[in-house]
Each structure stands twice: as structure tokens, then as C-alpha cells.
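I've put the structures underneath this note.
In what comes next, chain A is part of two complexes: it sits with chain B in the first one and with chain C in the second one.
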Partner chain A sequence: MNWAKIRLERRDEVTWAWRLFCFLVAILGTLLVTGVLISTAGKEPIEAFKELFIGAFFGIDSIVETLVRATPLILTGLAAVVAFRAKIWSIGQEGQLVLGAIAAYWASIVFEGLPRIIVLSGVICLGFVGGALLGVFCGWLKARYRVDEIISTVMFNYAIFYLLTYLLSGPWQPPGDFYVQSAPVIEKALLPNLLQDTRLHGGLFIAIVVAIIVYILIKRTALGYEIRAFGSNPIASSFKGIKPTRMLVVVMLISGGIAGLAGTSELLGVHGRLNTDIAAGAGYTGIIVALIGGLTPLGTVIAAVLFGAMVNGGFMMQVVTGVPKSMVFAMQAITLLFFLCSTLMSQYRIKRVTEDV
Partner chain B sequence: MSEFFTETIVISILAAMVRIGAPLILAAIGELIAERAGVINLGVEGMMLMGCFLGFFVTFETGSILAGIGAAMVGAMLMSLIMAFMAITLRLEQFVTGLALNLLASGLTLFWFRSLLKTIGSTQPNIDLLEKAPIPFLSDIPYLGIIVFSHNWLVYLAILSVPICSFFLYKTKYGLELRCLGENPRAIDMKGLSVAKRQYLAVLFGGMMAGLAGAFISVGSSIRFVPEMTAGRGWLAIVIVIAGNWQPKWILVAALVFAFLEAFQMHVQAVGINFPYQILLALPYVVAVIALMHRRARSRAPASLGVAYSRGS
Partner chain C sequence: MLEQLQIKNLTKRFGTVIANDRVTFDVRRGEIHCLFGENGAGKSTLAECIYGTYRSESGTICFNGELVEFNSPRDAIQLGIGMIHQHFVLVPPLTVLENIIVGTEDAKVLLNTQKAENKFKELCARYELKLNGHAAIWDLSVGEQQWVEILKALYLDVKFLILDEPTAVLTPEESDKLFRILNVMKRQGISIVLITHKLKEVMQSDRVTVMRKGKIINTVDTKSTTREQLTHMMISSELAVQGLKKKINSESTVVQIKKLDVRGPRGGYAVKDLNLTLNSHEIVGIAGVAGNGQKELFETLVGIQSPESGEVWLDTEDITHWSPAEILAAGVGHIPQDRYREGLIGQLSIVDNLLLGMHRSPRFAQRGFLDQERVRAFVQEQVDQFEIVAPSIDTVVGNLSGGNAQKVVLARELFQASVVLLANQPTRGLDISIADYVHRQLLEKRKEGYAILLASEELDELIKLSDRIVVMFKGQIAGEFVADNPDLEQIGLLMAGGNL
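Up next is the complex of A and B:
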């Protein structure tokens, strides 16, 4: 008696048509399951999907808003790409994002009296450093004490969030203020708008630049080669003189720093003050984005825009059909599950096992 | 007077420690069984959250706490079935699947909370708590009676699960097979026993326990449901398994240490000592990292933990 009755056999060659077919199956599966879940709440799925789509893409305002929502996801996604390429399973983007935002806010207070260009670049640099510090710390814990990076990064996600709530209900709470939030960031430190009368801000520019840098880093530099070698076989790569400790620290520095930039961009481009919604799950969503983007910078940018569209369309869906926008987060997770299955499906053919081995 | 006050506080903290420790023990024992079978289930947090919501929701709708707890276990088991299918049958990266399940539970419970539980006027939907069931005679023992024997039955179940699990792992044939699965699945396969079947059962058991733990957090300790109510306890359960070096008795100790930190934090807040309580809230997570820094702690880690078994390679 054999428990698993199906066996997978690797395909000799994967045609793009088959790959596309698998991808479409994944999308269909996602829509189907999400549709069923929407109807559990007694709502009309087709109607909800329609409003989601309209809210995400119809009109210049919707597209701009989609890009605004995509910006942090591009950055957290790229942070995940850098780490995952080295097979370092950091899921600390959420905490690094928050610590980046905290560092950036602190910088905006310290640099208050300086000229704008110095303030702006100082704030962005410290945002990077904030996230990078947390990343490096987790990398060092892994290298020195073999603390599993999955666990340590998640633990710090929670710890850093409590640090944020402490800062916002104590030291950085404006006197007499009731809300858990900081005073507004000084005008000089805010990111410039890219398009007048919209919320499109300089963070998107930063995200695109980082995407290009990550592309060059992975494809064209010696360090990128080391990252890929370390990721595919850390033991073999150590014989080539690639030191695991150095890799862990360097990769987590870059990855954490990029996540920190996501926090900086949200603080200075969207919220304008530090509050508890600064991350809003962007760290975790970034991981899905990176995986769906095939751990490539371009794929990540595309996936981030699609996921940003989902979040943005979710608002329209909620207003028009009454389906809570939190559905979108469930839908994103379902997308990942189906995507994982479809990627596997595209590489294999499924064979039924008839004989009992 | 002050001495009496101190004594009351200490007993109260220790009783709270046992109560808070219960869901951690339940989830950690479930995770231990899954990990001993070689599957690292990082979806515990999501399964707990699902159990937490379903426990509350079904209790609210039917008025029966037992139905709520049952629904929590079934819901979490369904999620662990996805985990098992992706990890064992499809042999996908286990950590990615676990993460996806966490995000799924996080989105889905919030969605259901917003769409199914309408607030009526200004009153939030609430339920009656699972009643306390002090054990006759034992609850009369000074100190220990209040600390250990005056809780609801889920707490006793959690405590009992430790020796039961220990007996199962070390004294039964199935326990031996399970331990072997995590160390050397090929040996099980060579004996003509099904690796996949045993791993499926272990992961499903882990899911069931996570669901039970989640139900405890809602119907066992709160009259309301709050989004993200499990607040990282599922992750702590995973840490507890590692810190407890994959052995039931040390898992009990580790769970109680984390529970003590939380109980202490609650009392500091309640007594009104002027200390930022957020720092104390962060403490368990920082302690978790410190606990994992000890090299000796990992000596009993299953050798093929997280590696999908494939007959060919």
C-alpha cells in the first residue's frame, strides 16, 4: 500500500506555452478559491473582483495610487530577493522596515537645522542604516551562534514593533496628544512629489533605482556571483574562499538596508509622521512578491505593482460591495500557494503510480 | 500587610504563568511531533490564529464552547493538511508554505471578523468564557491548589499532554517510528512502512494541537476576539521546541519560562509600576533569541528536519 499515489517526473524541456498555461491555472485557482471565500461572507464574488479591478487600474488617479501602494512592496520584495538568492531565509523585512522608519524619523529631528539637500540625504542614509543594523545583527547571530535566521528575524519583527509603540506613546508622542503617533516630520525632510496634486512621491524613484542596483549587483558584480554561489552550495563556495560569516553579514546588510529604505519612503512619502500603520504588512507581502517575481529584480517590480494594485483595488471593493479589504491579504497568500504549485507543475509531469513498490 | 500583599501577588503571577503557558505547551507539543517526523511547520502561528477565530466565532453562533473548540481543531487541521500536502507530497520548501499559511490565516480571520461579526450598536460581540473547573481536594492544597489545580480543563489537558507525549515518543512502537522518521526516514521506508502516511498524521496532529491552543486564547481566556490575537505565540511555540531541545520535559520548562515573562508583565502593568510596559511586552521575543544562542540547546535536533524525503535521491 502506497500512501502517495502520484509521482512527479521532471520534464526534459519546459516550453513557454506550458509555463504560461500553468501560470493561468494558478490565477484561475486563486480566483476560484478567493471567490468561494468571498461567498462565505454572503457577498457576490464576480462583483467584488470587478470593483477590485476598476479600483486598481481605471483612471490616472487609480494608477497613481496603485504605484504608491506598490512602492514599499518593490523595496521589501528586493530585500527578500537579495537574501533569498543567498538562501538566507530572512523574513525580517517587516521589522527592518520599522527600524528604518524609526532611524529616519530620528535623523529628521537631529538634522533639523541643516539645509534641505543635507537633511534629505541624511534621513535616507539613516533609514538604510536602521534596517541594515537589524539585518546585520541577525546575520551575525547566525554566523556566530548558529541562531536560525527565520526565527531571529521574526522575533525582532515583534520586538521592534513594541519598540515603535513605546516610542509613539512615550518619548515621541507630542505633549497632550491622545493618538499613538509622532509629531509630523519637518517639511524639509519630506520626499518631493513626482506628479502634482497626487500622492506619487520620490519613494518610487528610490525603489526603481534600488531595483536597477540590485539587478547589476546580482548579475554583473563579483559580490553578486558570490551571493549566487553561496546560495547554490555554501560548502563548495567556501572552498572558493567565500567565507560564510562575511556572506551572512554582507547580504543581511544590503537586504536589511533596502527594507529600511521601504520604511523611510513610507514615512517621508506617505504618512509624514511615524505611526503604527507604517509597515502594514508590507514586509511580509514583500516576501510573496519576491517569490512570485522569481527572485529577479524585474519580476519583483512587476509582481509588486500587481500586488499594489490588489491593495489599492481593495478599497474600491470595500466601498462599493462591502467586502472587507482584508480579503486582499488572504488573496495574496492564496496566490503564493497556487503559484508555488504551478511552478512545480511547470517543471514536472504528473504520473500515476500503478505498481506497489 | 505588605507581606500578605507580596504573597498574593506571587501566587497570582504563578497561577497566571500556568494559564498563559497552557496554549504555548499545547502548540509546542504539536510542533514537536511534526518536527520529530521531520517536517518543520512554520505555519503554527496561522493555525493558532485560525483556531482562535473559529473557536470564538462558532461559540458565538452556537452558544456551545465545545462546538467552538471542535471547529478550531478542524479548521487548523485543514490548514495543516495544506502544509502536509505541499511539504510531503509536493516536497516544496517548507518554510515558504508555512509563511503563506500564516499570511492566509491573518488575512482570512480579519476578513471574516469584519464581515461575519457585525458590531451591534456600540457593543462588540462577546461570549461566555470556558468555566474554571477546580479539581476537588487538589485545589485545596495551599499555594499549589491555586497555582495549578484551579483552572479550566484545557489547562489540565495541556499539562497532561507533556507526560503523554513523552510516553508515546519513548515507550511505544509508534513513538520509536516517529523519532526514526526525523533522523533517518530511509530506515522506515526500507522496513516497508509508509513515510508519507506517518508524516501526514504527525503534521495533522500538530495542526490539531495548534487549533486547540488557538481556541484556548479566545474561548479560554477572553470574551472577545481581537484581530491578530495570537500575537506571535505560534512563533514562540516553535522557539520553545528548539529551546526545549526537542524533548517534552524541557519543552514544558521553556514554555513556563516564556509564560512567566508574560505573567510578570501583566502584573507590572496591573499594579501600576511606572515602567514602559511595551519594553516588557518585547521581552519574550528578545529572550527567545538569547535562548537560541546556546549551542548545546540543539543537540537533539532531528537530523533530517525540514528535508523532504524522496526515495530516488
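Up next is the complex of A and C:
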């Protein structure tokens, strides 16, 4: 008797066409499922998607706003890329972002009297250092005491957030002020605008530069090679002289520093003062962005812009169609699920097997 | 009817490898029957065929006089066959009792703990075991865990029990206790098959079957045989391949290992008071069953483990506490025992794998940037020279065949090594032609003046290649032989823990 069976089989080579196909299937799936969600809320899905798209990409202002929202996600996403490539599961981008912003704000106070170019480079450097310090500390905890990095980085997210609220309701709260926020950052520490009369700021420039640096780091440098090797097989790597302790510290330094830059960019490009909305979940969203981007710098930039567009277009969608903009967060989560599935799908083929029994 | 189990002409293949070749074997009711042979002789495969884990290609199994065909261990268990595997199959957070009743009728829907506890106590009393049924497995010593495994089988009222190297993890006192338990079981009429490569244990059995390279050599009554006869049967006698190596007078000492003590994963000594010298133009073979400290010795020599005491000298330098990178830079190459775990990065390409360890060398990296063109040219050269068969140099190493994967390791290590080559079972799992290729490469390096340390479980291989053979047993060197015409029986005896 003939039995037709279906079996999954791993592909030897993944072609570009097939990968693109999987990618399109993921997008279609996302639209379908969110479409169902929107219609159960009693709204017209096609209409909602249209407004979302218009809100995200129609006109200079919309595009600029999408990019502004994408900027911190690019940086936190890249931070996750660096760590995850080494299979170090750092979830600490949120805390590193905040500590980076705190360090940058502190630098803006200290460097107040210096020329603008020095102040600007000083705050950016300190922003990097702030995030890097926290990253290194978690890496060192793992290297020295085998503290799981997932636990330590998540815990520090909370600790650093409380440090922020302490600073903003105490030492850095302007006298007589009622709000939990700092005084504005001095003018010369603010990032320059990239496009006149818009909110597009230098943070985007920093993010693109960092993306290029991360690309070169992973593809072309000996350190990037070590990150890939260590991430794929730490035992074989250590046999050939790649020290696990050094990798933990160096990778967490770079990853934390990049997340710190996200905080710096938000502080000096968007908010202009320290407040408790400085991170707004960008650290966690960055992880999703990195995973959707397939842990590559280019993919991460694209995914970050996509997510920025969803948040930005969500406002228009709410105003015009009445679909709540929180629907966007459901959309982001669904996007992640479909992309993870499509990544897996792209590596397999479905085969029909006929067996004679 | 005397025979409880009768196997006729059983054959089991794995791919092209014949693990069991027309095996005929029987076990009598209430006897302790040893399966004796080197690692890879096919003992465990035979046991798994009896237990129903594997299905044989041909041949018959009769149990209690009836022809049986097992599709899974479940069928075997139903007929009262039990097996204790080399590695514990216990659930560490659960208690002893819970582990014993898991999978039995008493744990189907509701736990029948009262019945289980009574039976457990009765079994402990009968076999003189002191165990707390409510202790969690992870609180028990390794020996106590072994008793739990045995109780698991006894709880199911086994009539026929297979034990696969049960003493590998036990202390000598615990091993003695195990045999007392086995003898009680024997008096209850339980038949026992004991897989081992230790002579001391074989001598306590009723009958012995010796296996070599998948075949049964002979079955004899223990009383009417000697240790020497058994050893002779265990190791192959026809060692024709000689004359490949020409005698070269080695002039200088390259590596000196002095009084080396290394701790193993379980805290005891894996290497104890080991002294060894490697000379240039020389291959020193380490004979011994895997797990007698070879892995720890090699890992200490490459700097992955640090020894508790003792010294390692390379020429005139004390490298005892050097890092792997420093030892590599000094010209020491290493072919590790487990190539996919320790030697290769399966998800990366041939290019990346051949680069490993040289990614910081001035030849391939300037100011931290890799010179891709040079790297690729070098890799292409190596792939051609070693005849590595792959679609391209960007092929992921995990997709290569075992032989080609080992060639990647070989190419890399032979290139990086300039003085010393450490090879731990470099031909394990490879087919004859690739193994022969590895052999010729090692001999070539010997001619060039390298000092080579080669560990292998195959005596033929050691005799073919080595200038000297040392036997390692329980972390110590049990004896040294000149490889020209060594006394095989003495080597075998030492490998199995005997004395000369």
C-alpha cells in the first residue's frame, strides 16, 4: 500500500528568492491576522492600513517623524545584534540606554563652559561609556561568578530606572519644579538638526554610522570573527585561544555602549531634558527589531524603520479610523512571530515521501 | 531448557559499518555472563538489539524458547528484560521512589505510593541496600544512583538484566558491592549480562563471551580460562601493517611532563603523577580505554585545563600555566577527540574554520582587520592540498562528511603546529581510506621532526604508527613498550587494569 507522508527537511543552501518569498509570506500573514483583529474591533481593516501607511510615509513631516521614531530602535537593535551574535543573551538595552542618557546629561553639566565641538563629542562619548559600563559589569558578573546574563541585565533595567527617578526627583530636579524631570540640557550640547524646521536630528546620523561600523566589525575584523566563532561554538573557540571571559567583557562593552548612544540620542535630539519617558521601551523593542532583522545590521535598520513607521502611522490611523493606536503594539508582536516563523521556514523544505508498507 | 536467550546469526549495520556481524550468543538461566571486548567491539550494540532499542537486519532472537521480535524496549520490558545503561536515566529533582515507579503501572493515573514503598523496602532488605526512598536523586552519590537504577529494574520483576559498563563510575568498594548484589540476583534465578572491558570483573562471572570488531571470538567458562587467554582473544592477533615507518633516531627532547596531577570533572584525579617525555622525530602512542585521563592530559597540554600540580616543559620553557593562545603560538597543534564539539565550528564556513586560531596572526590580520583575499587564497590552497571535497570554500562545515570535516581540522592543525602535534583519537569514526590518509600525514610530520603524541583505542593503529607505546589506566601510566615488537597481551592486560 502506498502512504503519502509529508516531512520537513533541512535545506543545504538557502537561495535569495526563497528567502524573499518567506519574507513576503510573513508580511502577508501579519496583515491578515492584524486585519482580523481590527475587524473584530468593528473597524475596516483596509481603511486602517491605508491611514497607517499615509501617516507613516506621506509627506516630508511624516517620513521625518518615522525616522525620528526609528532612530533609538536602530541603536538598541544594533546593541542586541552585537550581543546575540556572540550568543550572549543581554536583555539590558533598556537600562543601558537610560544610564547612557544619565551619563550624557551629567557630561553636559560638567563640560558646560567648553567650546561646542568639545561639549558635543564629550557628551556622546560619555553616553557611550555610561551604557558600556553597565554592559561590562553584567559581562564581568557572568565571566567571574557565572551570573546568568539574562537575569542580571533585566534586574539592572529596574535598578537603573529607579536611579533615574531618584535623580529626577532629587539632585537633578530644578528647585521649585513640580515635574519629575531635569532642567533643559544646555543649548550647545544638543544634537544639530539635519533638516530645517523638522524634528530630524543628528541621532539618525549617529545610528547610521554605528550600523556601518557594526557591519564592518562583524564582516571584516578579527574581533568580529571572534564574536561569530565564540557565538557558534565557545568550546572549540576556547581551544584555539579565544578567551570566553574576554569575549563576555568586550561584547558587552560594545553592546552596552551602543545602547547608551540610543539614550544619548533621545536625550539630546528629542527630549532636550532627562525625564522618565527617555527609554519608553525602546530597549525591549530593539530586541524584537534585531530578531526581525535576522541579526544583521542592514536588516535591523530596515526593521527599525518599519517599527518606527507603525508607531508613527498609528496616530493617523487612530485619528481617522478610530482604531486605537495600541493596536500597533499587537501588530509589532505579530510581526515578530511571523518573522521568526519565516526565518525557520526559509531553512527547511517540505517534502512528500512515499513509503511502501 | 537451559538457555534463556539464544541469538543466531544476528547482523546489525550502521550505514556501511557492520557493528554486529553474524553474532551467535546465548545466556543460561541464572548465570552471570560477561561480554568482554575493547571499545567499539560491538558489545553495546548487541545489548541494544536484545533490549529492542535497535532492530537487527538479519538473524533470530529466542527468549524462553520462543522466537521474539522487539519493536521497542517496551516489548522487551514486558517479557521481563531490563537494561542499565552506561549513563544514568534518572530524573534528578525527583525522589528515589518517584524515579523507581515512573513509567510503571503504579504511576499511571494515581500514584500508588503505599504499595511502591512496601515493595521498595522489601527489595532494599533483600539486597542489603541502604537507601532513603524520599531523598532526591541529586542528593545521592554516584554509587547510590547506580543502586537506584538497579532497583528500578528489580521493581519491574526482571528475569533478565543487562548492565552496560556499570562499574565505570563506581569506586572499587562499590564495584565489590555491585557483585554481591548481582550474586543475590543470580540466586533468585535472574540471568545477568555484564558488559565490561575490565578483567577483574570478567573473572567473577560464570561465562565469558569475547567480542572483537563486531564478531564473537569465543564463549568460554570462566573457570577454565585465564586472564592471558582472554586478553589474547580481545586484541587482534593479526597485525600485518608494519614497515610503513622507518626508524629515525630522535635526538632531542621536546616536551617533558613531570609529575602531572589534573582534577577530573567529578573532583577526583583524572591524571595522577604522570611523567612523560616526547622527543623530536617520534610518535608516542597512548594505549588505553577512553576515559582513563587521556582527554584531561591533552586539555592540560593545550592549556584549556590547568593542572593541580606538576610541570609541562616545551624545550627550555615552562608552559604549565600558559594560555591556549600562547601554547598555540609556540607551535603546538591539537587534534581533539570530539571534532564537532572541540575542533570545529559547525555553523561557519570552511574559510572561517581554517582561519580559527590564526585570525590574529600578522599574515591574515593587519590592525585588527582581516585580509579576506589572503585568507581565501590560503584556504583554497589548503582545500586543494588536503583534497577536501566540498561545493565551495564557503560551504558550512556542518554539512561536510565526517572525513572531510576531520580533514579541515587536520589541515588547520598541521599548518599551525611547528614543533608538537597532539592527536587524540584522530581517526575515530572515519572510514579506512581517510584514516589511512591521517596516518600518512602523521608519519610525514614525524619525518619532518615533530614530536607527536597520539592517543587511540585501536592497538593496530598505535603499533602501526608509534615508536613507543605507553598504557594509560586511571590517569596513570601503567607501562611503557617499544613499539617494534611489543607484547600485545601485556598491553591488553594493563589496559584492562591488570598487573604484569
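Convention: the second predicted complex is superposed on the first by the 331 of 357 C-alpha atoms of A that agree within 3 Å, B and C clash if a C-alpha of one lies under 4 Å from a C-alpha of the other, contacts with A are read in each partner's own complex, and residues count from 1 in each chain.
Heads up, the rule we're going with is that contacts are C-beta pairs under 8 Å (C-beta built on N, C-alpha and C of every residue); 3 or more make two chains touch, one makes a residue touch a chain.
Source: prediction; values computed, not measured.
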Looking at the overlay, does A:Val25 come into contact with chain B only (first), chain C only (second), both, or neither? neither
Does chain B (first) or chain C (second) touch A:Leu344, or do both, or does neither? first
Thinking of the overlay built on chain A, is A:Gly241 touched by chain B (first), by chain C (second), by both, or by neither? second
Identify the partner contact of A:Ala183: answer first if only chain B is touched, second if only chain C is, both if each is, neither if none is. neither
Touched partner set for A:Ile63, first chain B, second chain C, both or neither: neither
Looking at the overlay, what does A:Asn233 touch: chain B (first), chain C (second), both, or neither? second
May I ask you to decide whether A:Ile54 touches chain B, chain C, both, or neither, giving the answer as first, second, both or neither? neither
For A:Arg220, select first, second, both or neither according to whether it touches chain B, chain C, the two together, or no partner. second
Identify which of chain B and chain C touches the larger number of residues of chain A. B
Where on chain A do chain B and chain C both make contact? none
Partner chain A, residues of chain B touching it in the complex: 42, 82, 86, 88-90, 92, 95-97, 99-104, 106-108, 110-112, 114-116, 194, 196-197, 200, 231-232, 235, 238-239, 242, 276, 278-279, 281-282, 285-286, 288-289, 292-293, 295, 298, 311
Using the touch definition up top, name the residues of chain A that touch chain C in the complex. 12, 220-223, 225-226, 228-229, 232-233, 235-243
Taking the complex as given, what residues does chain C use to touch chain A? 302, 304, 323-326, 328-329, 334, 336, 341-348, 352, 355-357, 359-360, 365, 368-370, 372, 399
Any idea which chain A residues touch chain B in the complex? 1-4, 6, 8, 37, 40-43, 89, 91, 141, 145-148, 150-152, 154-156, 158-160, 162-163, 165-166, 169-170, 281, 284-285, 287-288, 291, 322-324, 326-334, 336-337, 340-341, 344, 357
